[in-house]
Amino acid sequence: MSFARKDYEFLKEIGLGPRNLGSYVNGVWQGNGPVVSSVNPADNQTIAEIAAPSIQDYEEGIQACVEATKIWMQIPAPKRGEFVRQIGDALRAKLHYLGRLLSLEVGKILAEGIGEVQEVIDMCDFAVGLSRQLNGSVIPSERPNHMMLEMWNPLGIVGVITAFNFPCAVLGWNACIALVCGNSVVWKGAPTTPLITIAMTKIIAGVLEKNNLPGAIFTAFCGGAEIGQAIAKDSRIPLVSFTGSSKVGLMVRQTVSQRYGKCLLELSGNNAIIIMDDADIELAVPSVLFAAVGTAGQRCTTCRRLLLHESIYRKVLDRLVDVYKQVKIGNPLEKGTLLGPLHTPASRENFVKGIEKIKSQGGKIAVGGSVIEREGNFVQPTIVEISPSADVVKEELFGPVLYVMKFQTLNEAIEINNSVPQGLSSSIFTRKPEIIFKWIGPQGSDCGIVNVNIPTNGAEIGGAFGGEKATGGGREAGSDSWKQYMRRSTCTINYGSELPLAQGINFG
Amino acid sequence: MSFARKDYEFLKEIGLGPRNLGSYVNGVWQGNGPVVSSVNPADNQTIAEIAAPSIQDYEEGIQACVEATKIWMQIPAPKRGEFVRQIGDALRAKLHYLGRLLSLEVGKILAEGIGEVQEVIDMCDFAVGLSRQLNGSVIPSERPNHMMLEMWNPLGIVGVITAFNFPCAVLGWNACIALVCGNSVVWKGAPTTPLITIAMTKIIAGVLEKNNLPGAIFTAFCGGAEIGQAIAKDSRIPLVSFTGSSKVGLMVRQTVSQRYGKCLLELSGNNAIIIMDDADIELAVPSVLFAAVGTAGQRCTTCRRLLLHESIYRKVLDRLVDVYKQVKIGNPLEKGTLLGPLHTPASRENFVKGIEKIKSQGGKIAVGGSVIEREGNFVQPTIVEISPSADVVKEELFGPVLYVMKFQTLNEAIEINNSVPQGLSSSIFTRKPEIIFKWIGPQGSDCGIVNVNIPTNGAEIGGAFGGEKATGGGREAGSDSWKQYMRRSTCTINYGSELPLAQGINFG
Amino acid sequence: MSFARKDYEFLKEIGLGPRNLGSYVNGVWQGNGPVVSSVNPADNQTIAEIAAPSIQDYEEGIQACVEATKIWMQIPAPKRGEFVRQIGDALRAKLHYLGRLLSLEVGKILAEGIGEVQEVIDMCDFAVGLSRQLNGSVIPSERPNHMMLEMWNPLGIVGVITAFNFPCAVLGWNACIALVCGNSVVWKGAPTTPLITIAMTKIIAGVLEKNNLPGAIFTAFCGGAEIGQAIAKDSRIPLVSFTGSSKVGLMVRQTVSQRYGKCLLELSGNNAIIIMDDADIELAVPSVLFAAVGTAGQRCTTCRRLLLHESIYRKVLDRLVDVYKQVKIGNPLEKGTLLGPLHTPASRENFVKGIEKIKSQGGKIAVGGSVIEREGNFVQPTIVEISPSADVVKEELFGPVLYVMKFQTLNEAIEINNSVPQGLSSSIFTRKPEIIFKWIGPQGSDCGIVNVNIPTNGAEIGGAFGGEKATGGGREAGSDSWKQYMRRSTCTINYGSELPLAQGINFG
Amino acid sequence: MSFARKDYEFLKEIGLGPRNLGSYVNGVWQGNGPVVSSVNPADNQTIAEIAAPSIQDYEEGIQACVEATKIWMQIPAPKRGEFVRQIGDALRAKLHYLGRLLSLEVGKILAEGIGEVQEVIDMCDFAVGLSRQLNGSVIPSERPNHMMLEMWNPLGIVGVITAFNFPCAVLGWNACIALVCGNSVVWKGAPTTPLITIAMTKIIAGVLEKNNLPGAIFTAFCGGAEIGQAIAKDSRIPLVSFTGSSKVGLMVRQTVSQRYGKCLLELSGNNAIIIMDDADIELAVPSVLFAAVGTAGQRCTTCRRLLLHESIYRKVLDRLVDVYKQVKIGNPLEKGTLLGPLHTPASRENFVKGIEKIKSQGGKIAVGGSVIEREGNFVQPTIVEISPSADVVKEELFGPVLYVMKFQTLNEAIEINNSVPQGLSSSIFTRKPEIIFKWIGPQGSDCGIVNVNIPTNGAEIGGAFGGEKATGGGREAGSDSWKQYMRRSTCTINYGSELPLAQGINFG
């Protein structure tokens, strides 16, 4: 059987066909739910079809996963690391095909598609090293003949619910760490990126099979809200890692809390770049462009607010308007394209509504502001001059819309930066140490990512990724993020024959 | 003015009188709410009266605290440590008076009262050292001329809501760390231990005043549920540390989550001791006694379930029944007393209801089971033989009631240990390394505290204190608990003049 | 040109021929010194010839290395990690050939040869992860507007001098870490294992070339003492990592110290296994066999002393004598062989002298004690009963000779264990926690490696490898060993406009 | 008996008299060597007399110390921390007397004397916290049923040999950490500061006695080179911490290495301040003054070289000459004095010789250059213009002599900074981030202390103190310096019943 378009044939190299089964359950591909389509956002035509999972598929998957987890958590961590290394190698072998698929199904430009898969590969390599460093502690006890240990043990099953905009990277952040930590993974990809869910899962499944490991260690569903809710409610899943909007994330958290489970949340951002009067404009302008227009403004780290010092306001704005006009819009797989389509028709509609709201709140369109009349969900990259007090700037409009505001002092700029409910990413452009260190200190940005002279987006995996406030507080990828995927026990072992009590208490 | 009883006169040494103002707001003692009484649980007579805070007192306090926090977070951490050191010294000077007050107002025996204050002193010393070690990281960046830092900054205000059973220690765990981390503290003590709230606050306030620091850095309320709810809802308080029941804790979490705030929860425990056939019985029996009867069974780490290997079941049970019969019950301030009263008449009533329920579910009283007919809230230390499948053993009955169960294999014992909703503390008595290491490993106890040859209670401050599942997942005191009192920023500083992107992406 | 023996032809797969150039200098293979031979210890016939380096080759190499280092240390650590990952993959592709070469040139059995190469591969994987975790610290400053950082920077050139017995693994421990840390490596392999030096270097050089990196980042010499001394004296080499005897190691240290350089020393071991009366003999006997006979007793971690509790002395000794008699001796490449030849005729001669000395000091041969009359340097695996006070047991006799001694109490056993000048490895066999924790505590073994129920040899790379006292104090491979390959700077940055002094000093 | 001068009477408050016993051995004060004098450097008159220790006193002391160590290392670390806390409190009570003594006997100004004692107090507080954080690690093992631990155990006895210029602080750095780590301390103070040695020891001894601990845990000698050599040679002392010149330090290291002992060296510095063209001169000038003239130039961190950018060379030099002329010279105890005497007549003579040598190598005296003709060892604060290639600038002249040099580029300045054998401290004054981060990075300063906009001296205890190259490589005080006072064991515990080998080796 062939794909509708000849240039989709490459998908066969990564295990995809025109019809695909949409869940990987106990090592078997199946799909007993409705048939759904994967759609190309550049033309809104079907790429391929998927037999989605039913809730019975889900139940079957989790049951198998519970059993597989018992085996997996007993395998020594460095051996688990070896499997993750093999996953990295398997991804490396398919890097370009996967990158191409990302570009096709999400709509992001090819360089970003490949970069995203590279990020998962980097995560694999990082996790391999980590597999020998999931260190607990030996802590001095105040009691003689007592040994105090802080142990880190696997949680069990980690549920991972990812969004359309980073369908690979976010899985990579979670799964690589979760797996070396000894957890099984249950993945629900975004409903609009089922082919990526399937392709990634096939690669991982291949490694498990080659090593005679139970496939149920990695269980995947191309499902929608029903599967997501099942995961949130499922007390067999101690940790749910969710990426999405603050609104949905809060619902997930409340549901998971109700059963005393844990959440790791990566929710909405509303990220500002501050440009000080002493900034290097040559560095700042392309940074803003990448941060605001990259991925069509559909990153959680997309720059949505640009705070310009009054003394350079006009100059920078003019430069940006100029640059925006030259942005090449079109097929994201084509060389030179910087701006592809929005992901869905609904996103495009949302853009239209957003622009109306902006105007109604006094926003002045400096450039862009319209949809593009062609097939696919294309819109213009847009700059809006607006007051920081407008309500609309407190919200995340998921598209290439940048709000520009003016400030007079550093303190004012920081106050505006911190004045929104979200707390993901933030950047400042300056060359003054006193500003840099204030910005990253107690009275600076209140975000989880605090940059200087680089855009709000484009994090490295070695650091912890995530944000504060309505962004949800989770941290993924590097640093000690792995601790969230394990449970900590404070263990005190008395190997003597007496019973001294802490704080010198004498009882009886 | 004098206290009702002459032996209460010592309270004057720690700043208490027969009438007291119940809130410390912006450095001033006030109380515009109703007058309430502190009651001695050994006789249910009033010790002293307190003018409770009104909600206006609360609002005034928080407003001042917001301002004071701006000052406090700018003081270098080692200087903040110096103030905490002085608090420790001030407590040391009043150790015995404070211990005595604890015994009087809570009802715990004097040794435990003094031990609890000692724990706060230990926390102060620990926090002083920590004030030079709240270390962030310098992480290698993949980009040339980039510096990646993980910074830890103060959160702002930390709300601390404590329970009656550890009115000092839990405040100490939270406040010592919160303060060196650069946060202000808003404390709501338990409504039934207002004198302790006032006495502790007076000592801390004294240090702040001596150093000309704003009193609002430490704000305290002898309030009830109304103040608690105000804290939970207050978006000026980014972190709420709550100690209490799982039920109330869940409500706090949902309320705080709603405003995207953070919680640190120390909730119910349902802690088991497992005694293996090879255990040292001489060590195990007094451990069980301390764990089950200490603090009248009103610790969150109290042993509530005793799992005995069938081969030593009868022997250990007989020994325990013997020992229980010799427990000296009475005035907790009297030398030799091991068991004081329950904290309130309601607790005593709860005990009565609990025993009825136990009986109705097949529990067999081996010893105790009745209230003691005298003034005060005294009950008998009680041992019950019961099946692990009885519903009642899944719940936390806050009193000196121990459920005894029989098992055949280690796996069965671990399964019973892990079969309750709570996950705070757990112990095993054995001398076999294969059992010890299994117990603390991935297939062992699922609790936050996992002990060997010591009781479930009596943690050292150097380790992290807290538990999993319905216990809430928070960790207090030692290890890296301090990180919960700070916000983490991943900072990338570009000090070069070019803009390389992570994952080698080429944009534009 | 062909090899003397047809079964040496496989060497061509790893870049070796009958004649080889013995130094890799500035990316070029050369050798202006005398021609030397690589000899098969199983028959003392030449395998191939090598043109050894002259001192001019050395000088040329170091000069190029100095320049290459300036480039290498500027490449971001995660990128350096990527090259090390590629080295790991290149080794993986040649694992079996390299293992075979190790077996051939060193004389160790094939399983150990392959295991040793695997260890280098493991080190590469570990180092890749480490390349994003060479973390410095952000330390709270006591001064306002000051930032205190602990930075880790590369040292420059690391000299690595390895011994014949682990010609790959020790290079791997050092080079993998040194390279990700940003250092160049100058390697001098053992004079008797030149083919391994060349084969390993070719693989690494291949990766450098493929990535257009200067070859001089890795500089290698098949040289002898002259090159070794040149490295020790060379002030362009801030760190010399030396593996060998305590005697030569001390000379290296004194030479390097004279120029205020640093040493990382892995010197002699004299490792004991203690078997307690409660030990699992089924576990202990094969452990002793592997530890004492493996690698023909030529590991630095070889068990040389066996301390038996008097109650099981005879039983264990008899079992060992039995087992020793069944050890298959012969060609190390042959399946089933457990004991190959000693590395050189000199080693064999040393064995003969050692046995004489042992006898003269009252040692009683329980089994073995003779050389084997056939081609190659074969000797019998030997067990000697001897007093712990004999002088000979304080020395390291590099061959398969095991001293057996009797003890009565744990304290006595620990005292004997600690009574030798060396402090590398040590093991105890017991099932009692009180013994285990004493053994690893302040009053237990004084060695760098302290095992329980496993042999003295066979370390994992995740831990730090090395020993105390005459073993030299260095630590290689895992844990924080990487810190030895970097220089630490305590950096304080004042970004304010005032000059507060530490300790509150007021000056002027 | 009275002191020669009435204003010495305060010494009685800290346990000193006109005649004193000069060693604290096994808890007893004694002195069987010659009688020596403590001399006031401000007038070269005797302050008091001391009966110095004989080598027999030494031997007696070490023997007792060996025994005491066995007890001390068994006391849990947090309890050891409690004793160190009490030492801190005892010092706090005598802070001003001790500071005054420091000023009197060393010759440093009072503010610095008090600051130095404060530093020891800070170290005590820091060490108390550390006593619950001397953490080992639990490292994931690659073998099932194996537990890998990294344990840190005490070394035994730590020998501490201190210099005259920081007779308290250096003891504090070493002793506080050594003690909480479980080591005993053997202290040899400088021969010219015996009263400080005695006074400090009395305070520590008082705490030991109060707690019924063996006095031999802290053993002290007011001795000279003979005692120093005895410590270096003594194989009962596994670690010798030495502070002094590079020349003597090297001898100590070679002696200690000969017996395979460890050294912790704090040797000569030759510290530069670089002032860039963009520097804040108002900050730089007082920094240079404090760094070059403070402690009469007798700190190991004293600034000895001032590198001025050519564009601000004349301006800064003129400002400094001006400031130098106003420095108040005189009795260090007098208010307002900034420059006291050199420590000994020999130091003064050394100054004279140094100035001659400087002149002979082309140095041009900008200000100062002469001794001051009055009683005591006073010299003028001196600035010399000189070429960076003059030999004399490679050496440490221990007095208030500052070499000023000119440079054109940052690279040139860094090259000059790094061109001396020593590598202790260094500073740069600039406001440019690209310079700051280069300076602290791989191609910046090669020193252990790398400052920005603060002087070379005045370190905080939270960081690690020490330097590279001829400065000896040791690190004291904060960060992970404590690890040098402990021995590390990599422990692998097999708690299963099988024997898997690392690297998957199959043996027999």
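Order of writing sets the chain letters: A, B, C and D. Residues in each chain are counted from 1.
By definition in this document, a contact is a pair of C-beta atoms (placed from the backbone, for glycine too) under 8 Å apart; a residue touches a chain by one contact, two chains touch by 3 or more.
These numbers were taken from a predicted model, which means no experiment stands behind them.
The minimum number of touch steps separating chain A from chain C is 1. Two copies of one sequence, chain A and chain D, touch each other mainly through matching residues, since over half of the numbers at the interface are common to both.
Ranking all chains by how far their C-alpha centres lie from the centre of chain A, first place goes to D. Computed centre separation for the pair chain C/chain D is 36 angstrom, with centres defined by C-alpha atoms. One finds 50 Å separating the Cα centroids of chain A and chain D. Computed from the mean C-alpha positions, the centre of chain B lies at a distance of 43 Å from the centre of chain D. The residues of chain D that reach two or more other chains are 74, 78, 122, 131-133, 137, 139-143, 146, 149-151, 433, 436, 460-462, 478, 493, 495, 497, listed in rising order. Across the complex, chain C is touched by residues 74-79, 131-144, 146, 149-152, 431-434, 436 of chain B. The touching residues of chain C, when paired with chain A in their complex, are 78, 81, 85, 122, 125-133, 145, 147, 433-434, 436-438, 460-462, 478, 493, 495-497. Contact residues on chain C toward chain D in their complex (touch as defined above): 70, 73-74, 111-112, 115-116, 118-119, 122, 137, 139-143, 146, 148-151, 153-154, 182, 246, 250, 253-254, 257-258, 260, 262, 280, 282-283, 286-287, 289-290, 294, 338, 421, 436, 440-454, 458-465, 468-470, 472-473, 475, 478-479, 487-495, 497-499, 501-508.
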